[in-house]
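A, B, C, D, E, F, G and H label the chains in the order they appear, each numbered from 1.
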Amino acid sequence: MTGKIVINEDFCKGCALCVNACPQKLLKTAKHVSKTSYHPAEFVDAEGKCTGCGLCALICPDVAIQVFRDRKAGGEKK
Amino acid sequence: MTGKIVINEDFCKGCALCVNACPQKLLKTAKHVSKTSYHPAEFVDAEGKCTGCGLCALICPDVAIQVFRDRKAGGEKK
Amino acid sequence: MTEKRFMAGNEAIAEAAIQAGCRFYFGYPITPQNEICEYMSMRLPEVGGTFLQAESEVAAIYMTFGAAGTGARVMTSSSSPGISLMQEGISYIAAAELPCVIVNMMRGGPGLGGIHPSQADYFQATKGGGHGDYHLLVLAPHTAQEAVNLTMLAFDLADKYRNPVMVLGDGNMGQMMEPVEFPPPAKTEFSKKEWNLDGARNRPRHLIKTLYLDPPVLEKRNLAIAHKLGEAVKNEVRFESFMVDDADVVIGAYGTVARIAKTAIKLLRENGVKAGLLRPISLYPFPYQQFAKVAESGKKILVVEMSLGQMFQDVQLAVCGKTKVNFYSRVGGVVPGYDEIVREVEKTAKESG
Amino acid sequence: MTEKRFMAGNEAIAEAAIQAGCRFYFGYPITPQNEICEYMSMRLPEVGGTFLQAESEVAAIYMTFGAAGTGARVMTSSSSPGISLMQEGISYIAAAELPCVIVNMMRGGPGLGGIHPSQADYFQATKGGGHGDYHLLVLAPHTAQEAVNLTMLAFDLADKYRNPVMVLGDGNMGQMMEPVEFPPPAKTEFSKKEWNLDGARNRPRHLIKTLYLDPPVLEKRNLAIAHKLGEAVKNEVRFESFMVDDADVVIGAYGTVARIAKTAIKLLRENGVKAGLLRPISLYPFPYQQFAKVAESGKKILVVEMSLGQMFQDVQLAVCGKTKVNFYSRVGGVVPGYDEIVREVEKTAKESG
Amino acid sequence: MEKGKVKGIYEDVIMAGFGGQGLMFIGKLLAYSAMKEGKHVTWIPSYGPEMRGGTANCTVVVSDEEIGSPLIPRPRAVIVMNNPSIEAFEPKLQSDGLLLANSSFVTRSATRKDVQATFIPANEIASRVGNEKAANMVMLGAYVACTNIVSKESINKGLEELFGAKREFLEANMLAFEEGMKFVQEKCLKTK
Amino acid sequence: MEKGKVKGIYEDVIMAGFGGQGLMFIGKLLAYSAMKEGKHVTWIPSYGPEMRGGTANCTVVVSDEEIGSPLIPRPRAVIVMNNPSIEAFEPKLQSDGLLLANSSFVTRSATRKDVQATFIPANEIASRVGNEKAANMVMLGAYVACTNIVSKESINKGLEELFGAKREFLEANMLAFEEGMKFVQEKCLKTK
Amino acid sequence: MEVVYERPKSLFPVATHYCPGCGHGIIHRLVAEVIDELEIREKTVAVAPVGCAVLLYNYLDVDCYEAAHGRAPAIATGCKRVHPDLVVFTYQGDGDFAAIGTAEAIHVAARGEKITTVFVNNAIYGMTAGQMAPTTLIGQKSTTTPAGRKPETAGFPIRMCEIVATLPGAAYVARVSVSSPKNVVQAKKAIRKAFETQMRGLGYSLVEVLSQCPTNWHMTPFESVKWVDEKMALYYPLGEFKVPKEE
Amino acid sequence: MEVVYERPKSLFPVATHYCPGCGHGIIHRLVAEVIDELEIREKTVAVAPVGCAVLLYNYLDVDCYEAAHGRAPAIATGCKRVHPDLVVFTYQGDGDFAAIGTAEAIHVAARGEKITTVFVNNAIYGMTAGQMAPTTLIGQKSTTTPAGRKPETAGFPIRMCEIVATLPGAAYVARVSVSSPKNVVQAKKAIRKAFETQMRGLGYSLVEVLSQCPTNWHMTPFESVKWVDEKMALYYPLGEFKVPKEE
């Protein structure tokens, strides 16, 4: 496992742009409705495929995604 | 003599642009003052050098110049 | 009579314009009157007319100027900030004596303000927000049906007086849906005027201008316009007198507030308070005499307005100290409820005259 | 006292602004106030200030908005059509509560009108030609020296009330040369305000806005501004009472007309007619009480104005039927002569009260 | 207006909920249908800039007389389809007023004792008859059943005229409407 | 203002002519010089858009009291330097008023009998003393000689201050001014 | 002898209010000649600007509007939309077209409005007596750039043809001058093409004319035409920027 | 693990009012990141538009003006002239910048005003719910072009970068989009360059951002980003139109 993300449900509006952006297909739209009454994005990475590439965060219009990466595995913080 | 011009002193403001434009140097600024209190342009063509080329009329901002030309000598009315 | 249609005020005004023969509309979107634009963009092509979304309200009012100069029936519409941008153009149109109709669906101001109903552009509309001595004729409907009728009237008055006419509503008026009927379609061909521009074919050329560098000449022009407006002041005062005759307290209100006042009056009368309503329909010319009459008869007056006291001044001018005039207002997009009006009328009724 | 300088009204206003610490000017040329622009373009660089010729009056008023938002002393100027174009911006500046000075050297209107003196923008200036409930403070000088003093005062009032202040003159006032003196230079550093924008260094960020989508919140803002203006109404009424005490007829006039009236009064008194002048210096707030007092004392009033009856309405509001108010006007750039005023006062004096 | 103070036919109602719940539509439908019955009607929305997720509402007045105020500070009835709406409008109801809440979204019960509250699982009911999106029609059915302000037939016709041809869609909506009527006819007393 | 009606020092004058004849300048110079003597002054131009060939005028008032009207419907004196100006302003002169006309341009004589008319060949005089362009100063000299409203010295100083250094230019102008004074001192009666 | 040049019929036989040598007079004449040649006097509508040419209608014998400063294109649009068969043109100065009226100028072109603009660029505000125009050259003195226009404070002169030519709605865009008989001939050709472009319904047409303002440039007329050639035409190159494809 | 991406400091930790998928949110974030990276939060002044982004100041923790519709460049000019050391930028929609504010947009560039504009082109009037913008594509439906935009009546879409790039006062002009992570990276680079251009005193800088408005385009967010790439970017080519010379 080299990366992971945390989605802030208070900000997420369920636009699913991250879902389409993740090269690893680790994101999907949740069944449940958030407090703000959207179906938020959900990070499901059972196999630890997340690279911490940050593409999901790059496209997220609501700055709802925090990205983590293993120091050794990834490059510099850019 | 192939051409001549008539200057309308009521319109002429003595700007002298025609004076500079005439290739035959047939125009000059008059000594006298017109009704509208300008020194108008004066057409002096003792030797009949005017070709009726119309350059003076072309540049005249006050449409003060009428141009005549001998039919045989000049081209078509353009 | 035609069938009743269920329409929002904005749509009703737009359709009324078309029924009145308006075939040209120039405007720029702004809440809460976008539906006028949108309706026109849909409807005008159907009747062979032209809808054009201008690049700004400034452009819109001058496109209106241009079309009006041909003698065509033309309208523009906006809401408060957009109407402010039109002030120069409105002054020009009035000066050039061109007929056109301008709709202002007022929203809360000043500045960007808000998008909810307001009546705080009354001074601008009636006294002249632009420069110089001119006046718009100003009509203020209080129901969708009246919006239809007054919009159609506006075109006729504009032609009659060669003066821009403003239909003054507010966000409420624009958004509210009600049944409306359209009177049988007016004629859509308008006789050529003696002044309109359409190419100087077989006639001396026409000229539409407002510059008169010689003060005495400009003075004459000013006085001619004033004279014409004087005629309108004589002929075009419109108002509704609602239960005024036996009233002890007469509410002065127009537009949205007036119809809320009507509910208040019903409630007040059930409570035994004799209230009535004097509702200016034309804000310019203003029904000064009617208010004066109310004042002379010793009734008390309560002006209720969605502004900090604009029509109030005209009522004071009319009343001229002959009776007490109270004032109640809500502003910034807050619409006074009939319960508030009931309370204020009761207060006024109790005050020693 | 400093030495007398011989200056045109326009130049005097420009220099007064600089003396008052104004270092930023944004404007667009228009007759008859071009000399303000031109003077500023020459003088401001000398004092380390900025002159910028805007692409339009609309841009000029918003550049003024921008500079005012920093807390700097800033001015713009124009004449009637240009001021109409500024109406949206003026409403915004008032709504944002930004201090600035706006000069209107009125010319004949409506439309392009003429370039000669007029007072037909009185309603626009005092009632609010823009949208929403706001008011400018309006000062109307009648000599070049007073133009200096009131321009300097305008900057102080703008800061005190965080409200735009208009100096309202006319073509005459701008073109006429007279001796003027400048009071000792005011301070040119102004303490940082709690609201100005200059980068959020070591403080929470500041925000200048006018949008309040929630009506109750906008209502509160409206009332706060109204309250502030109420203070100005209490404190800032300015007027000159000229030979009023023993007068039988009191002329109501401001600006250019008022000084002509002074000559008329001298002549009238030589003819045995006791005339006086009540001259509003602040047009907003208007000296209602002073006119009311004149009316109560039984004197007749004659309003003389270069408009078709604008300040006249305010005088009527003040007088409230307590005395007869006559009206005389010349418009379109025609300035009433003192001989005309003499004649009108004599007429008024003879009328049975 | 206050109950009892007005003679003749008169009803007013505020309908409130999330943007997408179709409250604007049932308000218009109610007003339109009543208009077709020859009544005076007004429909007025709350309006705002295009911002998602907010709570929207509209007010409908139906009367046999000319309508004064289209805005109702103290309504006779409210239809609420989410929690913010019940918070906002329950307190405004007149005494003895009608509170119709969609219990599929409204998770609390009424706090006032002086109103006639009915909780209707409108989404469940609508799902049951085939289209969850028709929950609004369930609520309208309930309202019409309680007030009788307009006939079922008028609503039916109104639906057709406003919607045009989509037959199956209309049916689902009418079904939902009828289920709403039934629900209250079983549960609550008619107010008129 | 009407002669005789005002106590103390008071004069007003309208100066009119073609755009380039320097009338605006002598008006300013007069007012400026009087100001330097401690008097109240106003100078007001007719103004218009930049159009050539028109007739321009200005009005100067000098007084020892605060000045009311800077505009004078019936002036005590007029200086006219072309035909349109005499047409325009002769009729406005007060009875007994001063009409100073530049006869180099004004080709008709006075029509009114109740005014004090003096015709001055200002351009010829100015040419004679070296600068035809100083014809305006000749007229000013004539006016000052007739009214005594300001001293020659003040005009001299005023010229210097308004013009700056150009010595020879100043001299020509002062010379013209003096010639103008002389001309009237010989020809006309002083009015004061 | 035969008359080979005389006053065009569409020009009233009156003297203008322009200063001696002013370019406006030449440009008026060219417009009138084109109107005469195209025989459209009875279907032409002119929109006069606010600027020295505000009195255009005193000279041109066609139906005329007097616009507000900068708004001629909007007025022309209103007129043309009512009467698509008319030939509508605006006549505008640089303050009018390139300062206060920038938005209207750009958008009339963006819309491809079938009107023509004769844009008289004299690098100065003539009517208000010599303030900086948006087209005033760097270093040029004006009453509001008394030390010469400095780009740091007053910005750079604006080239309208180059801007308008980027817009698909513009069909014909050209810059000419009236500084010499040769240039006058070119100018007339361009104005004629512009009108023809409109009459063929191809879109918006613009002719920018570099024009002398001897008065506010403080030059003799002859100096001023030289200045047009030697200074203005350097920054504002003459030529056609966009021409309609021939059918 | 280490945080490699988190909310920029200059962005208040609050949810926005934008619709799901709206490009404004991304662009706000990029501006905030650039402000953080350049460490200019305490000397930045933002001028918010009238449009969906009117509430920009609810999200960006810097000194802010709320402008009138279209007038942000004038306000920014007024501010920058008082405080040349500040970093002043306007954030404007297509209605704001390319319709009502055209004159201010052109002239702020012509003056070479040292400010930056982030111009959000979503080909629609978002805030007023979907009317035609000056940048609406031919054929695109909007509430005021219900049958799709027709150039004969509604004119052609306007390309602001191309226009502004013709002006000497403009130092940096680029068009980017936020339709994909890759484009977002480009967009941020451009915004950063634009701010740097201003800070280096080189002149006016403009970044046009093609941005999705799923709501008024009546698309899902994913459809909308595809539409940006497939339709908008054809008419509005991405790229740098003008870059300052390197010292």
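In the analysis below, a contact is a pair of C-beta atoms (placed from the backbone, for glycine too) under 8 Å apart; a residue touches a chain by one contact, two chains touch by 3 or more.
All values reported here derive from a predicted model rather than from experimental measurement.
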| item | value |
| --- | --- |
| Least hop count linking subunit D to subunit F through chains in contact | 1 |
| Relative to subunit B, chain with the most remote C-alpha centre | E |
| Centre distance in Å when subunit G and subunit H are each reduced to the mean of their C-alpha atoms | 34 |
| Distance from subunit E to subunit C - Cα centre to Cα centre, in angstrom | 34 |
| Length of the line joining the C-alpha centres of subunit A and subunit B, rounded to whole Å | 84 |
| Approximate Å spacing (C-alpha centroids) for the pair subunit C, subunit D | 29 |
| Residue list for subunit B, restricted to those that touch at least two other chains | 13, 36, 38 |
| Subunit E: positions in contact with at least two other chains | 48-49, 52 |
| Sites on subunit H at which at least two other chains make contact | 18-20, 54, 66, 68, 99-100, 102-103, 106-107, 127-129, 134, 154 |
| Touching residues (chain side subunit G, partner subunit C) in the complex | 41-45, 47-48, 54-55, 57, 61-68, 71, 74-83, 86, 103-104, 106-107 |
| List of subunit G residues in touch with subunit D within their complex | 50, 54, 66, 68-70, 95, 99-100, 102, 125, 127-129, 131-132, 134, 143-147, 153-154 |
| Of all residues in subunit C, those that touch subunit D in their complex | 58, 80-81, 83-85, 87-88, 91-92, 94-96, 106, 108-116, 118, 120-121, 123-124, 127-134, 209-223, 225-226, 307-308, 310, 313, 316-317, 320-322, 330-334 |
| Subunit A-touching residues of subunit H, taken from the complex the two chains share | 1-8, 11, 15-16, 18-26, 29, 178, 180-181, 184-185, 214, 220-222, 225 |
| For the subunit C and subunit E complex, residues of the former touching the latter | 4, 6, 31-32, 115-116, 171-172, 175-179, 259-267, 270, 335, 337-340 |
